[in-house]
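We call the chains A, B and C, going by the order they appear; numbering starts again at 1 in every chain.
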Amino acid sequence: MSALTAGSALAVVLPLILLFGFLLHQGASAVNVDFFTRLPKPVGEAGGGMANAIVGSLILIALAGALGLPLGILGGVYLTESRDRRLPWLIRFVADVLNGVPSIVIGIFAYTVVVLPMRRFSALAGGVALAVIMLPIVLRTTEEMMRLVPASLREAALALGLPEWKVILRVVLPTARAGIITGVMVAIARVAGETAPLLFTAFGNRFWHQRLDQPIAALPLQIFAYAIAPFDDWHRQAWAGALVLIALVFLVSLAARIATRGRYSAVR
Amino acid sequence: MADGILVKDLNAWFGTLHVLRDIGLAIAPKAVTAIIGPSGCGKSTFIRCLNRMHEVVPSARVSGTVLVEGANLYAPGVDPVEVRRKIGMVFQRANPFPTMSAFDNVAAGLRLAGMRNRAVLNDAVERALTHAALWDEVKDRLDKPGSSLSGGQQQRLCIARALAVEPEVMLMDEPCSALDPIATAKIEELILELRKDLTIVIVTHNMQQAARVSEATGFFLLGELVEFGVTRELFTNPRDKRTEDYITGRFG
Amino acid sequence: MTTAAASRSLSSTVVSARARRGWGDRLFRGLARGAALSLILLVTAMIIGMAGAAMPSFRAFGWRFLYTSTWDPVAETFGALPFVYGTLVSSLLALVIAVPLGLGAAIFLAELAPVWIRPPITFLVELVAAVPSVVFGLWGIFVLAPWLRNWVQPALGASLGFLPLFQGPPYGVGMLAAGIILAIMIVPFITAVSREVLLAVPNTQREAALGLGATRWETTRIAVLRYGKSGLIGAVLLGLGRALGETMAVTMVIGNRPEVAISLFAPGYTMASVIANEFTEATSDLYLGALIEIGLLLFAVTVIVNALARLLVWSVGGAVKQVRE
């Protein structure tokens, strides 16, 4: 029996190894300085890079963070500190529901709320879509991390005469800070790889972005576009892009993991 | 089983923590032996060494000899699973399987051993439950989940479950500590009945209980067996000063 | 201060400390509650916005939308059956592959594996879960599909071709590829959640079984699996929820043909894929409305599956409240 289950575990992990091997084999050669610094070349021409896509992804993540983090953290604070009776339960339920919504549906939502009124695709729309994806993750992690702060710490601060909001802001949140940052990193790793919601919000761009109300390139979008195109050179760049993307996501996930392991090993 | 249990040079560790030191004693067959001592003295560890449960914890180690019927449980090549099939154990908190009916709980040990015959199982379950003084109370509710009984009944169910495989030795790790006085009294009565057929080793932190049910008692302190002897003598005329201090309540 | 004055000021302090909260507190609480309410507002806006945009399609097709299979943008006739069918079949196929593997791996990691091997393998499983969908899709196009086309499908067709499931030309891309890639993507979630469910089973249960003389596997079987059964079903449902909504990888390997076909070799189309492929090309309000209506359908189905899943997972011990995704 142990052998069967061990075999299953191996089967779960095997695709990762195959995938990574494939990416390294095919894409490593195309990951060069050009890749990181050049714009895509016109259709049919060889060479060029994905510089705008990388920068675009970073901008989208920053936008998503700016929109989603304050809401998420404040919401997490609410869930931990509030004495309301029914609302917290509803919030948690809604957050969990939102967490399970397919990202493409969230893209549709961002489309109806941002793209339609603005009548154009934009970085802003992409940022909104990604923010909505980040929101429930940040919310739940913040709540979890704040609950880990021992009650005795709160009581000590209150006994010193601090008003409640200062206790939260100056004592509880800073104590939970490392864990919350970890949650944010997990959310970022998740959002960095999302393609579907960007298909009709950020839309993609073969050039540098100009303004936030214009379409913008993103790494996963570019990978997708190149993968389904008929040019071999584009395929190679797609693999390179995938390698860079997966390396980024893994690094952030790894960092988040290491940060949690030391302090909060009780929470797995 | 004329020989009872013979323990020689038993040592046990959790990682580098040496929790049992050179324990040696002889447990008489078809009698009740109590193990007493303050918290952390190693009595639970000791009893778990008798059915090779101690080594289930990662980083746990045992050395020494435990002879049951003249055979060393810790001889190389002995399967601990087999050992546990022949020695029964009852735990501090009753732990019936909640998804199984009372009947299935009691039959679990037999089914594990491969018994499928329904008639044989019915017989064995009835016998075990009667032996555990629980038959009358559950005979009409055999198909209800094990967790629907009261605390004391659940513990007697666990005793029945252990009895069903007809062990020669029964180990009990503070079986009454989570029960009220009435349930406790019922189990103590049960123990006095059971000792006619079984060798019983009971760990207890309740000295009065040890005095009530056991023939022999061992006093453990900080991982050592300080004194071992006939219960009445140990309690009225202890040889070691530490034993006397514990019994009179100066510590522990 | 006189005694009377002192006691008066003391009592006034005692009384008002409870009743009076500083404006700082009220502002802060208001902000926090506002943030929480905005979440509800968000989801409501989502549903209303999408329903509104899907109106043209509701009005034109009504319930027929769900069971007609003509998808003709030119004639402006839209029926969602091929996509519903494709989503269900690909997800089911993925479950058939992923559930035994995922549960097996979870049992290995939680109960049977030697302790030193657990952290690295658990970590690797989490890494698989972190791989972006588009990367799996890339691998699917260039590795999985050719492999299926050149080796697996011909072999299946030769040996099991009498079954309608395995008939038809071996394209490589198609329902089989989609099912396999979905399986690869959902299995780490099933493993992770199942593992947490199993770890939440109290140790006293295992001890009871071990004390009776059960082997490790027997202990797992009678004490752990039975206890955690509802949680494990929840884990499977969570995997299903994921599979239903997975977009990019599926789009890249399913062949994108809006037809209902029995064979696993045939190309298909899922609800998420059609939205991904055709959204930016939808020229009319009706076309767009039809696509958004599919989105709403997807939303409703995933919400129900996920809600059910969480209820089941929560029922096994409070320790598994938070589902990590």
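Criterion: a residue touches a chain if its C-beta (ideal position, glycine included) is under 8 Å from a C-beta of that chain, and two chains touch if they have at least 3 such contacts.
Since the model is a prediction, treat every value here as computed from it, not as a measurement.
Chains touching both subunit B and subunit C: none. Taking the mean of each chain's C-alpha atoms as its centre, the chain lying closest to the overall protein C-alpha centroid is C. The chain with its Cα centre farthest from the Cα centre of subunit B is A. Centroids built from CA atoms put subunit C at 47 Å from subunit B. Here the spacing of subunit A and subunit C, counted between their Cα centres, is 17 Å. Taking the mean of the C-alpha atoms as each chain's centre, subunit A and subunit B sit 54 Å apart.
Across the assembly, subunit C contributes no residue that touches 2 or more other chains. Here subunit C touches subunit B in the complex through residues 115, 204-205, 207-215, 218, 222-223, 226-227, 229, going by the rule given at the top.
Here subunit B touches subunit C in the complex through residues 51, 53, 56, 58, 81-86, 88-89, 91, 93, 95-100, 108-109, 112-113, 158, 161-162, 165, going by the rule given at the top. Interface of subunit C with subunit A (complex): residues 21-22, 24-25, 27-29, 31-40, 42-43, 45-46, 49-50, 52-53, 100-105, 107-109, 112-113, 121, 123-128, 130-139, 141-143, 184, 187-188, 191, 196, 199, 216-217, 241, 244-248, 252, 272, 275-276, 279-280, 292, 295, 298-299, 302-303, 305-307, 310, 322-323, 325.
Of all residues in subunit A, only 1-2, 4-9, 11-13, 15-16, 18-19, 22-23, 26, 70-71, 74-75, 77-79, 81-82, 84, 87-88, 90-91, 94-106, 108-109, 111-113, 116, 132, 135, 137, 139-140, 144, 163-166, 168-169, 189-190, 192-196, 199-200, 203, 220, 223-224, 227-228, 235, 238-239, 242, 245-246, 249-250, 253, 257, 268 touch subunit C in the complex they form.
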